[in-house]
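So, here come the structures, one by one.
One chain, chain A, appears in both complexes that follow, with chain B as partner in the first and chain C in the second.
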Partner chain A sequence: MLNENQWSQLLQGFIEEGRDLIKQAEEYLLLLDDTPHDEEAINGLFRAMHTLKGSAGLFSLTPITHFTHHLESLLMEVRDGLRTLSPAAISVMLRCLDEIASMVELIDVSNGTLDVDDAHQAQLLAALAEHGGQVPAVGASAEPAAESGAPREGNWHISLRFHADLLRNGFDLASFVRYLSRLGEIRFLEVIDDALPELAELDPESCHLGLEIDLQTQASKAEIEEVFEFILDFCTLRILPPDSALSDYLALIQALPETDERVGQILVASGLLTEHELAESLSAQAHVADGAPKQALGELLVESGRVAPQVVDAALAKQQSSRERKASESSQIRVAANKLDELINLVGELVISAAGAQLHAQAQGNAICIESTQVVNQHVEQIREAALKLRMIEIGDTFNRFHRVVRDVSQKLGKDIHLDIHGADTELDKSVIDKLADPLTHLVRNAIDHGIEPAEERAAAGKPAQGNLRLNAYHESGMIVIEISDDGHGLNTERIREKAIARGVIEEQSNLDEHAIHMLIFAAGFSTADAVSDLSGRGVGMDVVRSAIDALRGSVEIDSTRGVGCTFRIRLPLTLAIIDGFLVNLGEEFFVVPLDMVTECLELDDVQLAGCKYGYLNLRGKPLPCIDLGAHFELPASNSKRRNIVVVNFGRQQAGLVVDNLHGELQTVIKPLGLLFQHLQGISGSTILGSGQIALILDIASLFRQLQQNVDSNPGELRSTKPHQDSLGS
Partner chain B sequence: MNPSILAHESPQGAVQHLSFRVRQARYALPIELVREIIEYGQITTVPMMPGFIHGVINLRGNVVPVLDLAARFGFERTEAGNRTCIVIIELNLDDAQQNIGLVVDAVDAVLDIEPGDVEQAPAFGAGIRTDFIAGMARDERGFTIVLDVRRVLSLDDILQLALAQQAG
Partner chain C sequence: MFQLTADLDSQPACLHMSGALTIYEVRDAHAALLDVLLRQPPRDWQLDLAGLEEVDSAGVQLLLAVQRHQQRANVGLSLCNPAESVIELFQLLRLQSLYPAVVAS
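Take a look at the complex of A and B:
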């Protein structure tokens, strides 16, 4: 027996599997929405539901088994061609999937119980029954019959022996036969009930039956096998191609559990063998040499002259490659995220201590020692990169979720919108992806709600009636860029400006360029939608988007052209665990500036700033606002004679940070500072240097924002406000 | 040490406390909170924080914030001396385990404090904010102030102070 702990671990496994299956099912459903007759999608959907039902049954989660059963039976009918899925039915099924998903989330892992909202489920099931689909007007069997004259057709012989467990696993024999009939015409069918026990001993839940079927079809063997894909584990399936050699039938007769005569009679009855052939072969059977090696099926086929050797080779190769693909799929390992985090943490420690060792070796001046620490460092670097790659996942899964969002939201608003996804295989850190889902949803909803116009308006503007929403992701200089673009009417610069003045976000006389005005929509409590819809327009969205992206050390940009469309471009670091930094110091303290923000370094001429905390310099004819970091952070005044300026670039702002010494680039592990420092502006984290000393990582974005607030609230504090406002204030 | 001896030494019901000195007064903390005691040294200043936060230290690869108890109580900021120590305690703040270092002037001893020996804090006169005091433990040497660590390290309080500091 399993102990409680193992049980809840298994249950946890089921919950994770369930989430995956539901996600898969949703993708298939959405695919069916576009192409209603995609057999692969129907099968995939059915398979997902079936697996879910089966696994839930293992854990006695009756509500899930029960609910999923309804979906499964409906899908079975769809698969058999008895129904088609209407868009309304797909909507109901999506809601059913949501219900299943919420049931899966509601499972109490500790005791395996599940509370459900019966009334809601009953409602959903009623809706499902109502919208379930229509029986197509034309019978499915009509099609193959029309082609029955095709020359390649022949009678396949299919011999099935079911295992006793079949019915207990929720399969219905009739449905398979029905499905089989879609492939061709069933010419002959005999139920084998020889294994049926006496009535008194009969277990009604066990299956004792077998089937012998002759099927006339153009389908290949693989296609016939596919029909029985779900029950392959629960039955013994033998398929003989049309016009098989006598010996093949003979082999079949011998392989079947029933007496040779019984099977032989069936074959004769089906017209595959003549009575004469049967009698002859049965008598010949005795003369077959016992020691004769069994020939492989392929060889047999070639020998009998019906299949050319290269065809067999090709088929074998195909089989081989599909086997290999299966192997590579199953070679993935599921690892708990915290184990991965632990590994990456340890690798981070290793990076730090290896750097420390190198530092000591250099201090010792022992050439051999230095060399070996360098080798160690190279390996550590490789390990670090490999470890970080473990966390990288493709963004495609996150993007695909938006098919559903776009479908739901556009239906609600009565707009026809097509979602276009590019760069789904772009990889980034899982922790980044997790935090990205919400801001992306906001932006997508906004684009649908506010960006893309209703169909009439689009027609008037000479655009196609179907709106286009595009999600794109790509790598660019060590960052990932995610674009959300729509072909709607773009941002209304004038209205944003008016609104910003009305809300007191900007002064009436302030003269901002178009880009700066667009960025105002990220200000807190800013919404230009006249009507508050339940989708967006409450003005809480965009500043949430901004802060979520800031928290990821990213930036967001807007490209909007009136009447043509709008693109939000989000730039994010690939990972949150490691940062490429530029090390500087202020007196005793070390600071790390994120390297991608550093544009250049200058030597500071003392006269220029004259010891002021803030000021500006002439950088190639442009005023460059400068901050004396030491003074800004109220650190003890430095006595360094030669000071330097690090010019940083953030978005379209540029500024100089006055520091003491430059120590160059370093790649380092970010250590969060913890709750005590969570509201600290200008510093985002810390890192440990090779020497063991802690260096603080500067957060340029929040530093700029804080300075901006200071400029606004207390301009007198700054020596000269004008250049600051030009550069920092935009 | 043999645990049975320990159990024998501490009388029934008594809770072990670590006692230490901040300025002239004696304070104590339940020993189950204390992870270790380290020498004062190599602290990285974190700018724009209230004076009682000295900064952060590197504790075997973990970045741990360090608070000056004296400054938190309203005294002058501690100038490190020979006996100045950092007591590392582990607290559950906002559902996350967090290590915090407390700067104290000297560590005294481990006391067994009987619940019966703990008096309520006087309304005033203890020298520190009354809500920081969990109780006053009496022994032959006088009173030891048992701290209410959650109050002393109240995140809300500290954040308010930090925000005030940044705004100023």
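Take a look at the complex of A and C:
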């Protein structure tokens, strides 16, 4: 029996499966919203509900079983063409899915109990019954039914070969036969024991059996397949519909592991083939085998004019696709996220210790030793990349979630909005994606609520009535860029300026360009919407978006054109765990600047910036705001003779960091700062150097903000100066 | 629990099975059967299932393996006294070769 721990682990597994299924179901449902007659979507939706119900049943989660049962029966009617799903019904079903999702989350893993809000569920079920869908006109339903092949009583042939692990996993094949017999009458059944090893060599817990079954039923192929749904991983299932072409039976004969004669006899015994047909086709097959070019049996039959080519093609394609699906399913492994984190941590340690080894080797001056540590370092770098790739997932899943958001929000506001998704296969670190969902949702809601105008306004502006929202993702020089663009009226620069002045965010006389004014919407407590709507406009939004993106070491910029539309562009680093850094020092202290942000390095004449923390340099004719890191962090004044400027880029801004010495590139494993130091300004983390020394990682975004504040508040402290090289040249 | 007792004096020699023969017992049952069958020279056997309360497909597989073992040595195997539930399983899987009586019913 299972102990308590195992049981709650299984339950945990169910909860995860449930989440996946609900997500799938939601995607199918939204697909149905666009294309109401998509059979695959209906079947997928039905399957998801059916599996959820079945699994919930295993854990005696009656409320879920009960609730999903209603959805399942409704979907069954849709699938059978008795009902169609109206948009209203889809809305109700979406709400039902939400209810199931919240039930799944409410499951108490420790004791497997589930408390539900019965009244709310009853309400939903009533709405479901009401909107359940209309019975379509007879004429309309008759046609597709005829096309898809009306259900009819026929002899299906089902051929099952089980994998060794079936019985060990607690499945009893007798129970599947019993279940199958509920679908119809089992006309023929034979247990295939040909693969049984000698008694002495038998592993009695492994399954060596197979089944050949003829089932007379009205059920569809999908319904028959569903019987074996839970053991699809543990068996090879082949189903032949009634009146299959001779070639299909022959294909089956060939595909089965037993000898052709043996399978042939089974089919003859079951009355599906006659002796004559069998003998003829087997000899034909032998004939082919003699001939040099190996021709598929199907092709031969087609050539001799016995079966239509499309029949063979269809059968082959079906087999092929189901085989491929199974192959791709089994090539995925689910791994707990914390195990991956552990691996990445270890790789991080490895990077540090390998760097240490190289340092020692260089100190010793032993050539062979240096060479081998270099090789080790190369491999470590490869491992680092491979390990980081493990955590990379496609952003498509996150994007697809917005179909639902767009649908709900636009319906609430009475707008018609189309969501356009590009670059769904762009990959991004899972930890980044998780933290990105909230800010993205906010931006999408904002675009729908404030960006895209109501239909009348759009018509007046000569735009198509349907608004367009576009999500796009792509890679750009070591960063990922995510764009949220709408074709609405763009940002109202005047209003933002007025508001900013009213709120005291900027001075009345300050002269900002349009872009800078747009960026003001990210200031804390800023909202331009006059009416606070249910969805957005409470003024708590954009600064939260900004800080979420800052926390990911990313940046956001706005491209807005009045009356044409607005694009928010988010730039994020690909990963949070390890970066390429640029090592510098200030006296005894080491600092790391993220390499992606470094644009150039210059030498500075120490005298010129002496005594002030912040200032401007003349960089090729342009002012470059500079920050003396030593003075900024209040480190003891350095006595280094030659100082350097590291020019860093952040979004469209540029600034210079004054440091002592440059040490070059470094693979930097980011160690988060402890709780105590989390609110430290200007530092985002730390890393350990090969020598064992600690280096702090500079948070360029926050340094930029501090620089901005200080430059604005203490203009008197500013000195204008020139980089050393430039002054030499002039 | 699965128990196997051999009665070598009866005609044909009889193996009395009792308890359950499911996935949980097949490993023990397999060892017990091998112990008896391989120690004796090939001979006809009768399996008395009277004491078997529960059999599943793993049990059926083991019985089929015993049957094949006997067939290879060209000796007989017959089953007797299966319980109602066991008959139902044989019926379901149409194992007339193992227990011919199921065809009649």
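Odds and ends about this structure:
To be clear about the criterion, the second predicted complex is superposed on the first by the 523 of 730 C-alpha atoms of A that agree within 3 Å, B and C clash if a C-alpha of one lies under 4 Å from a C-alpha of the other, contacts with A are read in each partner's own complex, and residues count from 1 in each chain.
Operating definition for what follows: a residue touches a chain if its C-beta (ideal position, glycine included) is under 8 Å from a C-beta of that chain, and two chains touch if they have at least 3 such contacts.
Treat the numbers as computed from the prediction; the structure is a model and nothing was measured.
Once the two complexes are overlaid on the shared chain, A:G396 sits clear of chain B and of chain C alike.
Touch criterion met: A:I683 reaches chain B, while chain C stays clear of it. In the superposition on chain A, A:L673 makes contact with chain B only, not with chain C. Contacts of A:G692 after superposition: chain B is touched, whereas chain C is not reached. Once the two complexes are overlaid on the shared chain, A:L189 sits against chain C while remaining clear of chain B. By the touch criterion stated above, A:P623 is placed in contact with neither chain B nor chain C. Contact comparison for chain A: of chain B and chain C, B touches the greater number of residues.
In the superposition on chain A, A:L202 contacts chain C only, with no contact to chain B. Of the two partner chains placed by the overlay, neither chain B nor chain C lies in contact with A:P36.
Residue overlap on chain A between the chain B contacts of one complex and the chain C contacts of the other is empty.
Here chain C touches chain A in the complex through residues 23, 26-27, 29-30, 33-34, 37-38, 56-58, 60-62, 64-66, 68-69, 72, 89, 92-95, going by the rule given at the top. Across the complex, chain A meets chain C through its residues 167-168, 170, 172-174, 177-178, 181, 189-191, 193, 196-200, 202, 204-205, 207-209. Those residues of chain B that touch chain A in the shared complex are 42, 44-49, 53, 56-58, 61-63, 65, 93-94, 96, 98, 100, 155, 158-159, 162-163, 166.
Interface of chain A with chain B (complex): residues 349, 352, 588-590, 632-635, 671-683, 686, 688, 692-696, 706.
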